[in-house]
Amino acid sequence: MLHIVNKSPFATTALASCLRVAKPGSTILLIEDGVYGALDGTRNSDAMREALADRTVCVLGADAAARGVADKLLDGIDVVDYDGFVDLVAADDGVQSWL
Amino acid sequence: MLHIVNKSPFATTALASCLRVAKPGSTILLIEDGVYGALDGTRNSDAMREALADRTVCVLGADAAARGVADKLLDGIDVVDYDGFVDLVAADDGVQSWL
Amino acid sequence: MSEAGATKKLLYVNRKAPYGTIYAWESLEVVLIGAAFEQDVSLLFMDDGVYQLVKGMDTKGIGMKNFSPTYSALGDYDVNKIYVDEDALAERGLALDDLQHLVWEDENEDWAEKDSIHLVGRDEIADLLEQQDVIFNF
Amino acid sequence: MSEAGATKKLLYVNRKAPYGTIYAWESLEVVLIGAAFEQDVSLLFMDDGVYQLVKGMDTKGIGMKNFSPTYSALGDYDVNKIYVDEDALAERGLALDDLQHLVWEDENEDWAEKDSIHLVGRDEIADLLEQQDVIFNF
Amino acid sequence: MKFGIMVNEGPYTHQASDSAYHFAKAALAKGHEIFRVFFYHDGVQNGTDFTTPPQDDRNVVKRWSELAEAHGLDLVLCVAAAQRRGLVDEEEQKRHGKSGHNVAPGFRISGLGQLIEAGIQADRLVVFGD
Amino acid sequence: MKFGIMVNEGPYTHQASDSAYHFAKAALAKGHEIFRVFFYHDGVQNGTDFTTPPQDDRNVVKRWSELAEAHGLDLVLCVAAAQRRGLVDEEEQKRHGKSGHNVAPGFRISGLGQLIEAGIQADRLVVFGD
């Protein structure tokens, strides 16, 4: 299934709650302030690297670019545009938004 | 000075940010969902007990009662009503709201 | 999955504390309306959402409506699969006994009163999410 | 403290990331209007607020206005005490060089260009908060 | 494929409505169907035609109206949320004696059942919020 | 003592406006002065008279209007925030050709300078928000 996270891991516990229950094989899409969870060299990077071991992690490129952090993404994170966002929703058979 | 925290320590990092810089002798008032930071037996209780060592911590009683947690407060926390809230603001010479 | 007439699995996910924001209350309003659609409904309370079910709320002092008695009506609406994250309770120092006792009557067992709340852990929550057709987030 | 005519110490505290919510932008609008009041103004960026100053923002893809160039105008408004939490930067893997280079010209030193951003730690932030007459939170 | 979209926050303050809009636009461009966009909580504020945003900013409300016009989108404001937050159509204006009405073109006010129906009828429901 | 109050969120969704109201009421009852209540961001929605909340709920907007009436409170909605979010007084209604106006009694629309002034003139500024 597809998990959508739109909050910074430094501001709320949404990403941590998501990572706790997102199964191996599931996809996690980071949008809006959620893109800060995709960055390398942060307090959160280890948790995300662990997630990348058995889950697919995507970031909405437009949101990363808006925030000036598109060049700081962890290796292994896929960048998608809104078309790709639509494809992810269509491909998976369930969507959980971690508001 | 008076620090006001209105967020749950389990949802956002507002209380942690406050405790990091609230000086000895300052007052921390927990209102709205912030009252969850005043409870005993939680993951957050140790941090709050530490704060109580050299800072005054108050909780807005009406917010604790609304949430059904008025009987779960840590020892040493003062309960105030809206009148007491006004007095705290008047008594201290600065107010910082950790939104 | 969207076959007309087929019953769908609907899950309402509640992760926010009551009163500080209105999401808990307005989410409950959706659940009540949704009950008329006769789908396969579950509720999940995790993170600060578990605070929504705490008993003994008294909102007089904040001048807001205490909507928590409504939870006890859910059983009459055939909403009786209420899942509560046991780890979320534990890290908040809460036990099942701190929550409202929500029940429903099983018409297949001579209206025997049964508990609506089921404590679930991490793996069960992961399964629960995967099993749904539709998830409503608040 | 509210003596008419006296200059007050005003602090704007910015703790939220840009674009996900509008607080960063609307806070900046207050700072610009506030500059006309000729008070003793400081800005503090801590927590996710430090992301407001990151350089190289490009908002075309999200269809929102990139308001970040406005920060570089602050110096012209005599807003030149911009404090940034160095611990917040560090835990986000950011260095001063990742932020916009904000400067002002000191008329008392022949318009010498000076840095507006000052990195501060926990104790300096605690002091800064205590020194203010008025704190605006967003 | 048929999508349902739920928007829980109003315009400008949170990015939720922007994200939902860009998602909807992309989905339509790829040939998908949007069964309904349901606006709940502060999301109902996306349907007010009383806004006059600055010239250099996007017009969130108008953008939704234009997308609805171009693709026959069904934009629904929850009636209970609308009453709490001050969204009034011509009918409500008469009933409650308000000085005007502020529901933008392409939006309609209806009940929460429309959200449940969207969840049931659509192949996917995507929620945007805070 | 003279208080200034800033409210950053709208009615019902967040408790901020409720907390600010109870604070203001208690301060006035204790004989303090409220120099001004400034509504910013979504806070401007506290000033819409288009709301018709359920009978069993508090009426947030009306409560502010009544407090203003009783104590001569100055309730100010930020003009820039109001334009983005659809708060329109009679003057703005004419200027922008809207079907009505929705600023409740006791509220007025003005600029951000009013917030700075409140900060400077009041002995304390208390901010309520999300």
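Residue numbering begins at 1 within each chain, and the chains themselves are lettered A, B, C, D, E and F in the order written.
Quick note on the criterion: a contact is a pair of C-beta atoms (placed from the backbone, for glycine too) under 8 Å apart; a residue touches a chain by one contact, two chains touch by 3 or more.
Fair warning: this is a prediction, and the values are worked out from it, not measured in the lab.
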Fewest touching-chain hops separating chain C from chain E: 1
Both-way neighbours, i.e. chains that touch chain F and touch chain B: C, D
Result of counting contacting C-beta pairs for C-F and A-D, higher pair: A-D
Between chain A and chain E, centroid-to-centroid distance (C-alpha), Å: 26
Chain A and chain B: spacing of chain centres that average the CA atoms, whole Å: 33
Mean-CA-position distance for chain E and chain D (Å): 35
Averaged-CA centre spacing for the pair chain C and chain A, given as whole angstrom: 27
Per-residue multi-chain contacts in chain A, two or more chains: 6, 10-11, 13, 32-33, 62, 81, 95, 97, 99
Contacts with two or more other chains, residues of chain D listed in rising order: 1, 19-22, 47, 62, 64, 135, 137-138
Per-residue overlap in chain E, given as positions that touch at least 2 other chains: 8, 12-13, 15, 22, 41, 57, 80, 125, 127, 129
Interchain pairs in contact, sorted by label: A-B, A-C, A-D, A-E, B-C, B-D, B-F, C-E, C-F, D-E, D-F, E-F
In the complex, chain C residues that touch chain A: 1, 13, 15, 46-47, 122, 125-126, 129-130, 132-133, 135, 137-138
Contact set on chain A toward chain D in their complex: 6-8, 10-11, 32-33, 36, 39-43, 45, 61-63, 65-72, 81
Contacting residues of chain C [partner chain F, same complex]: 19-22, 62-65
Residues of chain C that touch chain B when the two form their complex: 16-21, 47-48, 51, 54-62, 64, 66, 68, 91-93
Residues on chain E engaged by chain A in the complex (per definition of touch): 1, 3, 8, 15-16, 19, 22-23, 25-27, 29-30, 32, 124-130
